[in-house]
Amino acid sequence: MEINGVTIDNTYAEAFPTWVCRVIITAVTEEWAYKAALEATGFATSAIGCPCEAGIEGMLTGDETPDGRPGCAVLFCASKKKVKEQVLERVAECVLTAPTTAVFDGLPDAEERIPVKLHFFGDGYEYQKEVGGRKCWVIPIMEGEYIGEEDFGIVKGVAGGNFFVMGENQMAALMGAQAAVDAIGGVCGVITSFPGGIVASGSKVGSNKYKFMPASTNEKYCPTLREKVADSKIPAGVTAAYEIVIDGIDEESVADAMAEGIRAAVMVPGVKFISAGNFGGNLGPFKIDLHSLFS
Amino acid sequence: MEINGVTIDNTYAEAFPTWVCRVIITAVTEEWAYKAALEATGFATSAIGCPCEAGIEGMLTGDETPDGRPGCAVLFCASKKKVKEQVLERVAECVLTAPTTAVFDGLPDAEERIPVKLHFFGDGYEYQKEVGGRKCWVIPIMEGEYIGEEDFGIVKGVAGGNFFVMGENQMAALMGAQAAVDAIGGVCGVITSFPGGIVASGSKVGSNKYKFMPASTNEKYCPTLREKVADSKIPAGVTAAYEIVIDGIDEESVADAMAEGIRAAVMVPGVKFISAGNFGGNLGPFKIDLHSLFS
Amino acid sequence: MEINGVTIDNTYAEAFPTWVCRVIITAVTEEWAYKAALEATGFATSAIGCPCEAGIEGMLTGDETPDGRPGCAVLFCASKKKVKEQVLERVAECVLTAPTTAVFDGLPDAEERIPVKLHFFGDGYEYQKEVGGRKCWVIPIMEGEYIGEEDFGIVKGVAGGNFFVMGENQMAALMGAQAAVDAIGGVCGVITSFPGGIVASGSKVGSNKYKFMPASTNEKYCPTLREKVADSKIPAGVTAAYEIVIDGIDEESVADAMAEGIRAAVMVPGVKFISAGNFGGNLGPFKIDLHSLFS
Amino acid sequence: MEINGVTIDNTYAEAFPTWVCRVIITAVTEEWAYKAALEATGFATSAIGCPCEAGIEGMLTGDETPDGRPGCAVLFCASKKKVKEQVLERVAECVLTAPTTAVFDGLPDAEERIPVKLHFFGDGYEYQKEVGGRKCWVIPIMEGEYIGEEDFGIVKGVAGGNFFVMGENQMAALMGAQAAVDAIGGVCGVITSFPGGIVASGSKVGSNKYKFMPASTNEKYCPTLREKVADSKIPAGVTAAYEIVIDGIDEESVADAMAEGIRAAVMVPGVKFISAGNFGGNLGPFKIDLHSLFS
């Protein structure tokens, strides 16, 4: 299959279940909501080495937030235990501390709930108040008063949706990946948790040589090893590959993001080949077929 | 003491020792160095609830980096054990994974050293190479090759340098704090680790009411509690306060950042009072007197 | 009338007809579309001293552009003669020269059309090609090939929609104005052409003292002149005012932007009063009443 | 000559005299100084079709500005008559109108001076005041008071310093050009006036086919015309070229910027060839030889 002259590999992305929490951060201006969201979603690229995966889903206008201020929707993805702990810590350390912010539950219809009890920070001076129909706690702080909900929905979502952007050289592949990330920015319900949304060093599970490593370079996808390893997956003419990893609130959003991302990447001159990562289908229950995205 | 009509409180900031590691991240463009640095220094506002404190010290031109590419200097601050673990994890998850990055030791003269052994990720395909006089490992990855040093200097620095910007209303205090952060951006050797560099909810150690809390709101500095608590430190006419917290490689850098920050904050209309946080001088060995900064 | 405790003055904004051209700029990534759009819409705040008024209406995803790439919608506002000349010059100098850009007509249904004939730049090497159903010219250039439509729709729109954000001090008023601009960013069909969307020095027509001046400071709205001029329009307790000026493709869009902007501004602490500018209703055919926006 | 494996053509850039005015814009924060500077330097890529050439020279800390606030240094380049007219109009429309700005002369030692008389806008309410040793006018405006100098130095500088970045494909050449612009950002005394600092469509004087055109595509440097025109200057293996055009306060600054830019561009993978534009040396008095930059 080809789109815009670029081959779409006949393969699928293998993805996994994850718990997802959506936090709405509002602030006096878009900029301050964004700065708090950036801090709260940092050091959160991959569950392998980070305490969770997190990212900014999108910016929100005042019409879309409970308190009528501009905001930012953020997704946190991890196991149920981890998501509970990480949302609490990240909101406490990175949002409650940020200028003018408030936080609201972004999944009010979810049955599963987690507590995010920040009001103890108020040391007894805190009190309850309804804001935009939401039951919030108000905590006196140095800038004035912090307002936040303390009960958040979580849903079973999908982590590890992915595709590979391969190019005739590194800059072509990188700009293809960037165009993909731009396009995914317009899709609801998903994040790309890696730096700038792009993975430069996709990994395989475990290591052949160093048994203590939980993950190591995926040599079959390393262009400089093309002639050195058996079964290289790097097509002729490709000298660089980037992976886009997508987490989302459901399989449909992740598939939609993959389709939008691939459509954008193939528009970039020098992008040659699109593929996706899987583990033979034995591990993840979600198999998102590339060709089916475009049929 | 007054500067530009703003009262500078007769007090001092109490600060504490910390270990500091400086990592130089380079990339194909400034933008990509910055994106990797942002991810690597996220979720790192306060050692109370984050695994470390971290931030961007400054951008570097190609003349200032070992490989001649644009870069970003990043500081990580924590206990020796934590700094070792966090620099490894954050470089592995947030920089090795980021497009086109390389990492170099930013404190080559420091006697104390920590290992950041990423080369096992190469699964045996890695090799050594000298870049800009630095002994590096080259790891084949999907985008091509990652290059990085694996031995980093750490020094005993200073954490918790601080001052308070108080204003006649919230927006004046916030813009004063922003102007301070802008100015501190021009000082070498320091970071402001909180979101956008500003703390909206400065805390005290422990809690009077909730014994299980390690920290809670500093009610003496809460403007809305001014009439409700004894010994409020909020002067008449102040309705909002922000704290700027500064970590640095030595006391001189932190003091310099405090001076530059305060000089900038008092230029902002509506800023009324500058103070600083201390614990009576019993805890931290560093006492940075506000008035001495300007004499 | 009050919203969120802020008085909305019982007055109206007086606005004027203008011709409006919408240009769609696409590029390899959002960033490059944005950079071209920024350059093309600079030096275009006010028709009084700039050759036109211009601004960025919004970012577009690949689904919304003729060539499937990310883009930016830009509005140029001026008299018919000026809009013709300015769109040609600005696209030629600021978009054709920018990396990877293409331009498309953003008002394909408009009856009134203007030519933007850039293909002569091709010196005979240019050729025609259909892209996304649009008849384009392809011009060989140093980066490869530039693609663009050369026939653009223009419509009779509305210039000078406006409101004033007044605050108890300058920073409160400024952040209120910023929140308004953020909110207007979500409204289709409008731009705010001043720097950052905000006017610090609203003017009156002509000058009382200097007869050669086409415009001068609007002393009735100058807070520092409140006690010095007769009929000051600055309410007690206000020490700063900003004007938000809105141009749009029709009266409805402009009114919608005014409503969204005011709703956002009144959420900012320290904002005290919202008014609007008019000339007694003798000049502009459009009178947009503030109270009617919220009824 | 080769640097980092990239051929540096044995040629020179031909540049021309221009008058240059440096304006220092300060504001309450870096961001507001930057926003005003962006607007003031827009629609100013090339003297061929824009009223002047302009750009941001660099950001300034409070230690570097007359009023101690953060700022931005901006250069305006044109003939003496045009520079006079353009600085007046651009400061009046894009800086006086911008929130919290002040302007100061950035070339106080220059003998040649131009007036920028904005104080008539004050309609008689304006008054004089010394700020940071500079004689300024204060104009009452809606946000409070605008402060600015009205006498600016201009010097005879150099326009049209340039080099070409050629790549094996478009994205490699573009990222090479971007790296060059990043590096030039660190050089004092220069600007790159095109969108994002990069020219995608370098031109030749006049047109062979369309006699009414003052400039047209430089077909000898068009990669898609390599086989169609005689004497193509595009080397084998190159499919895209970008031009970096530099204006500066003197020849040394421009040469320095060229050297820094080229050094950065050749670090980017896929960049193959560096050249420069000249007209046979008959026109411009400045001939900046590429090889001499590195000897």
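To keep things simple, chains are lettered A, B, C and D as they appear, and every chain counts its residues starting from 1.
Following the convention adopted for this analysis, a residue touches a chain if its C-beta (ideal position, glycine included) is under 8 Å from a C-beta of that chain, and two chains touch if they have at least 3 such contacts.
Just so we're clear, the structure is a prediction, and the values are computed from it rather than from any experiment.
In terms of C-beta pairs in contact, the better-connected of the chain pairs A-B and B-C is A-B.
Relative to subunit D, the most remote chain by averaged C-alpha coordinates is A.
For the pair subunit B and subunit C, the distance between mean C-alpha positions equals 39 Å. Averaged C-alpha coordinates give centres for subunit A and subunit C that are 34 Å from one another. Rounded to whole angstrom, the centroid-to-centroid distance between subunit A and subunit B, based on C-alpha atoms, equals 26 Å. Under the contact definition stated at the top, the residues of subunit D that touch 2 or more other chains are 28, 144, 170-171, 174-175, 268-269. Put simply, subunit D touches subunit A in their complex at residues 167-172, 174-175, 268-270. Across the complex, subunit B is touched by residues 28, 32, 35-36, 38-46, 48-51, 89-90, 92-101, 120-125, 139-146, 164, 170-171, 173-174, 177, 194-196, 198-203, 207-210, 212-213, 215-219, 221-225, 228, 239-243 of subunit A.
Chain contact summary for the complex, subunit B toward subunit D: residues 28-31, 61-63, 67-70, 144, 175, 178-179, 182-183, 185-186, 260, 263-264, 267-269.
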